[in-house]
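Quick one: the structure is below, and I'll ask about it shortly.
Each chain carries a letter (A, B, C, D and E) given by its place in the written order, and its residues are counted from 1.
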Amino acid sequence: MVPTMAELLRLEKVSSGYGETVVLENIDLKLAESGTLAIIGRNGVGKTTLLATIMGHTRLHGGAIRFGGLDLAGRPGHERAVAGIGYVPQEREIFASLTVEENLTVAARPGPWTAERVYELFPRLAQRRRNRGNQLSGGEQQMLSIGRALTVNPKLLLMDEPLEGLAPVIVEQLLAAMERLRETGGFSIVLVEQHTRIALAFAQRTVVLDRGRVVFDGPSGELAGDPERLAKLIGVAGQPGQLHPAAEG
Amino acid sequence: MTSKLKIIAAAALAAVFVQPVAADNVKVGIITTLSGPNASLGQQMDQAIKLYNKLHARDIAPHTVEIVLRDDTGPAPDVARRIAQELITRDRVNILGGVVFTPNAHAIAPLATEAKMPLVIMNAGTSVTTTLSPYFARVSFTLWQSSFPMGQWAHQAGIRSVFTAVTDYGPGHDAEAAFTKAFTEAGGKIAGSVRMPLANPDFVPFIQRAKDANPEAVFTFVPAGRQATAFMKAFGERGMREANIRLIGPGDIVTDEELPNMGDVPLGVVTMHHYSSVHDSPTNREFQAAWKKEYGPNAVPGFMAVGAWDGMAAIYHVIKQQNGKLDGDRTMALLKGWKHESPRGPIMIDPDTRDIVQNEYIRRVEKLGNALANIEIGTIPQVKDPWKVFNPPK
Amino acid sequence: MATPLHPIDQLGAWHRIRPLELLPWVLAVGYYFLPNSNLPLGTEILTWALFTLSLDLVLGYTGIVSLGHAAFFGIGAYAAGLVARWLGWTEPITALIFAGAVSGVAGVISGLIVLRTHGLTLLMLTMAVAVMLKELANKLGWLTGGADGLQGIVIDPIFGQFRFDMFGRTTYWYALAVLFLAWIVARRIVHSPFGRSLVGIRENATRMSAIGSPVMLRMVTVYAISAAMAGVAGALLAQTTRYVTVNVLSLEYSGDVLIMLVLGGMGRLYGAFAGSAVFLVLRDELSKLSPYYWSFGIGLLLVATVLFARGGLLGIVDTLWDRIKRWRA
Amino acid sequence: MPSALIGILFDGIAYAMILYIISVGLSVTMGLMGFANLAHGAFAMAGGYLLVTLMAALGLPFLASLPIVFVVVALGSIVFERLLYVRLYRAGELDQVLFTIGLIFMAIAATTFIYGPLPQAVRLPAYLMGQVDLGFRSFPTYRSFLIVIGAVLILALWLGLERTRLGAQVRAAVDNRRMAESLGINVGRLFTTTFALGSGLAGLGGALGADILAPTPSYPLEHIVYFLIVVSVGGLGSIRGPFVAALLLGVMDTAGKYYVPDFGAFFIYVAMMGLLLWRPHGLFGRA
Amino acid sequence: MTVALETRGLCKNFGALAVARSIDFRLETGARHALIGPNGAGKTTLVNLITGRIAPSSGQVFIAGDDVTRLAEAQRVKRGLARTFQITTLFKGLSVLENVTMAVGERENTTANMWRAAGSRRAIVEEAYGLLERLGIAADAMRRVAELPYGRQRLAEIAMALALRPRVLLLDEPAAGVPSTESAVILDVVGALPDDIAVLIIEHDMELVFRFARRITVLVEGAILTEGTPAEIAADSRVREVYLGKSHGADHG
């Protein structure tokens, strides 16, 4: 049952959502080991839901999710993490009553990534290791959230808008760190990002979502070189010609 | 004719000619507390009743007694009243008995009066209770009966200043009033008093208060059973003995069945009460032996058991006298003036008040062998309920 | 099969009395004429059914969890008991109304304070109100009799005609009549726009405010109505037993009424009847069967209800009914 | 009267220790799983009875019995958690309340059956009875022992929670259960462990407190209100909150009985209402 | 044109975090207005400030010229302000018809009535049923909301808002999570609303926004970035920036 290729993650015809709501429809997705994948699209098209579905936070209405040959459907969240998925949620979700150090050790699993190595990656955290989670700035929280996911020593890192709402200088620091991870980490990364350019530059492949469906899946370079197509796919351009047709009705 | 046959023939003859009565089944409704925090009290009552029936069934042959046992769950007059109503109107009992808690007895009073249904009170000890219905008779005790002489004794024993601590309900009020009246009339001084809530987990603060008032003795009444044990514990823990403060009160605080649970704290506690399990009389020795035979060598019947025991004796008395056919008024007439040799000593139902007249004993807790016991050091014979003496019926 | 009604007509027919709804009353009246009916127990059930019904309005319909509903039961009981004992107000019906009014006012006051909170906090606050009142009643011994209870209550015959006899005939009819009237009131309230707005609050208070409904006002209103009804139940207990103790304000009473309602089924009026009847009959029978260990049976019933019948006893009836219908179809 | 005040503080703190050791497990259970376990007091009762049995029937010394009580009650609670409670984690609060009240009733009957209705007394060893003289004043030995052992336990509990990985995992799960799971922490198993520890502590508290709150069949019902006050005033899921709440409750209760004895617990409830209206989520609770 | 809704200097801070920064916003009678902005821009916060769900730190809200800043949410509804929620907020245990009947009945101020049966006011039920017909969910009238597919729950949500006959209608992502067939219905119904109603829609779907709105306000970081016609907004490079990337602004986490 182990895939012949070095394939890490595969989603087949996945439909999912919250309760009765279906947010994602018929998603197909593949990710190879040590691959990087960006997921872009407008607000509310289901990017976060996609990651949440992989983590098991949503209701799976149909389809299959396989991770390293393991069928994830119905498995509780902690088993997915133990299987090798690291998760950096959009809201960071730092444990407020734990210190920085505790956040980095509370769920640590054996492997190359230790708290010490995280401190090397983010020296700021080392200075604040005795501070509690709720005493950190937004950027520090984001670093901690990434570091925390690393200490699980995952094969796959899911990052949900890690740059959202951060000051430019922090964004640059983080981005540099993420690039180092990409080069040296030895794991796959799925990056959900609103900032299209960053996403395209970061990942080898890109998936564009629109209203819960995949509308593009291919090498990032294809989109990076074609802003018109990108704008269309993302749907920001709109069609001013179709203005309020029914408004007078 | 073999001797066996002779006996049968004689018995048959006797049955046909000598005793031409039908065997009646007398239903006795027992209302007591069998669940909740106070279940241990009802259990003693229940055990005494069962044992009495077992040993004395032949006394009333050919009639039989059927016990209808009901749980009133504790001080819950509404439940007690409903149960009494059911026992009277549905189960059609011939006589009622039991009742641990005063309020429960009070709730039954109007019913007993209306139904002309005698109630033999086997515990509830507030003085006023028996005045509430002409169909009440009490075989247990009143708090005045013990606490009033206690007040007199305390002064005689040289105690001049006493702190009173009683539970805040009818019997507690009675105990406090009786003791205070006797003690102050004799010339003693009340150093302070406190009333403790009926539902209470911790006595320490009350005892600390008593200690801080620095009296020569603390007079206390709390309901027998767990509260008494808890009180005694707290008393020992507070170092009252070291502070030379004595503990006195009615016997509820050192009931015989609880003494083994109290450690050495009660040593030297002096109480006034009508029953001690080591009371020295043939009747009591017999009673104690029978109890241990039935319920095991460690079982100790206390005053709750004796109240129920004598209550059954009274009920058997009226059954025998009426030949199995009980009538409310006749039963009450028979109970008035009934005399009996109880394990506690001679007792009588006062014909005027339907309340018990009995000896009160001054006892001190001492070691008897390995265990503690209430050793009698003095007797006040045939005490009537003092409250009824001070408040004669109008 | 008949064609189903149009939705508009279905809603319009919602409030009409169905024959099955008369079953409790047929049973209650029929019970009286049974040869060996236990009228004291019957009266107790009717009283508790009224108390439970009052809680259903608050908990079942509006979703307000209370662990202190005995506060209002107790206030009603003491109100009726105290006026009879001290003021010579021995006419039962007016005293019953008075007791209900006093409890209703108490409902308004405590509702304004506690209904701002939710969850465990609400649970603790409702409980605190009841237990505080209990301590107060205990403390005011000169007025209430304290732990000994309020005794010496005299109640006139009903309409000057029907004396409260020891067989409990009058009390049974009296309690039945009061419960019947309360049921009519509760039923109308439940089906009224006001009642539906309570269900709206239970289902989604946010939505209720968003359609312009004054949620707090509605909650306090129903809390007061429920309190008044609980007060009438308490007064009924005081009048029929002619005794009031601090128990009427106890946590046990609050707990029992909650158990009866959840056991019977919440938010359906008749759950109150089923729950109180089953609970009290079972408790009575079990305590006759085993005076020491009856609580085991009650515990088992509760545990089983939660594990196997989430909607309470009437929930089971519903499930069975649905099965029969499906089997027929 | 400073002497009286010292006495009140002393007694109140000793009482608070018992309340806290028994209740802290309930706080964590409710905070971590949102499970309203009203039957928590039954574990405390079990601890008290177990202590009496170990000492009376097996002749074990008092101090040796205490750890056994803790272990046995903790292990026993796992059986309940796995067999029964686990079915109700997704149920509504009311169902949980009803269910655990049912368990209380059953526990009462079962205890009456085994031990009878009489309260059981603990025979304290002689060295724990009487008074200890601290020079300026003497104190009851057993309550002093309670305060010391309570302080040690609380210190151990706090260190365990603050310094161990298990403790950090518990705090993480209380903070954000889903995130903890997403990092590979098996919150279900973590809960079973904390439930067992909390129940074991309750058992230990019941045993230590048996001299003050004597084990009787109706124990779980009688004291449930105080346990709930400690938890709700302290704040769900908190470890420190219940301690502060227990101190307040213990000292206030003792002071109330001393200064205004005939008011019973009236002021306790007034204070609780005030506190909860001021801080609806408790002193240390999260919104 | 008269002003149906207006905010003046509306600010909201959660601690040190400003989620609304001095927002001046106007909605004219009959407006078809859209509010767009990236995640966390404070769109829903603005709606909550307008409806009174949360209280502003400073600033005022006016409905038809009256200052309603101190009025409770329910009272503002009575002044003609209706909304839908981003996440469906309905009486899940009740039937669809009952849901909408409740709203109509509330609008008619009948819900203080404790005596008359709710269903017996035929006109109210009929009006509610009419709304269901208009939104194409009449067939589901007697089904419990919880049993409905999400798309039809969204329609019921809109029916609830319309049942209030609002003067100002705030729609918070009405089409989120709705299959395209049903989102068309939503758009048609909203488009067909009478002219005296002012409609403000919060939506991510630009196609939908551009089809519907005559004016668009862009909200970023709790402040209004710009406002204009769809054509102006589509041409605005700053708006593209917001959506297409290049990091922006200070920390607001």
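A few comments on the model shown:
Simple rule for what comes next: a residue touches a chain if its C-beta (ideal position, glycine included) is under 8 Å from a C-beta of that chain, and two chains touch if they have at least 3 such contacts.
Everything quoted here is computed from the prediction, not taken from an experiment.
Shared contact partners of subunit A and subunit D are absent.
Number of steps on the shortest path from subunit A to subunit C, with steps defined by chain touch: 2. Considering every other chain in turn, none proves to be in contact with both subunit A and subunit E. The greatest centre-to-centre gap from subunit D, using C-alpha centroids, is found for E. Taking the mean of the C-alpha atoms as each chain's centre, subunit C and subunit D sit 34 Å apart. Annotation: 39 Å between the Cα-based centres of subunit B and subunit C.
Centroid to centroid, with C-alpha atoms defining each point, subunit A and subunit B lie 79 Å apart.
In subunit E, no residue touches at least two other chains.
Under the contact definition stated at the top, the residues of subunit B that touch 2 or more other chains are 34-35, 39, 42-43, 168, 197.
In subunit A, no position touches at least two other chains. Under the contact rule defined at the top, the touching pairs of chains are A-D, A-E, B-C, B-D, C-D, C-E. Remark: subunit D residues 30, 36, 84, 87-88, 91, 93-99, 101-110, 112-113, 117, 221, 225, 228-229, 231-232, 236, 262-266, 269-270, 272-273, 276-277, 280-282 touch subunit C in the complex. For subunit D in complex with subunit A, the touching residues are 165, 168-169, 171-172, 174-176, 178-188. By the touch rule above, subunit E contacts subunit A in their complex via residues 32, 38-40, 146, 148-150, 153, 173, 176-177, 179-180, 187-188, 191-192, 204-207, 209-214, 230-231, 234, 239-240, 243-247, 250-253.
Interface of subunit D with subunit B (complex): residues 1, 3-4, 7-8, 11, 15, 108, 112, 116-121, 123-124, 129-131, 138, 140, 142-143, 211-214, 216-218, 222-223, 253-258, 261-262, 264-265.
Those residues of subunit C lying in contact with subunit D across their complex are 65, 113, 116-121, 124-125, 127-129, 131-132, 135-136, 138-139, 251-252, 255, 258-259, 262-263, 266, 292-303, 305-307, 310.
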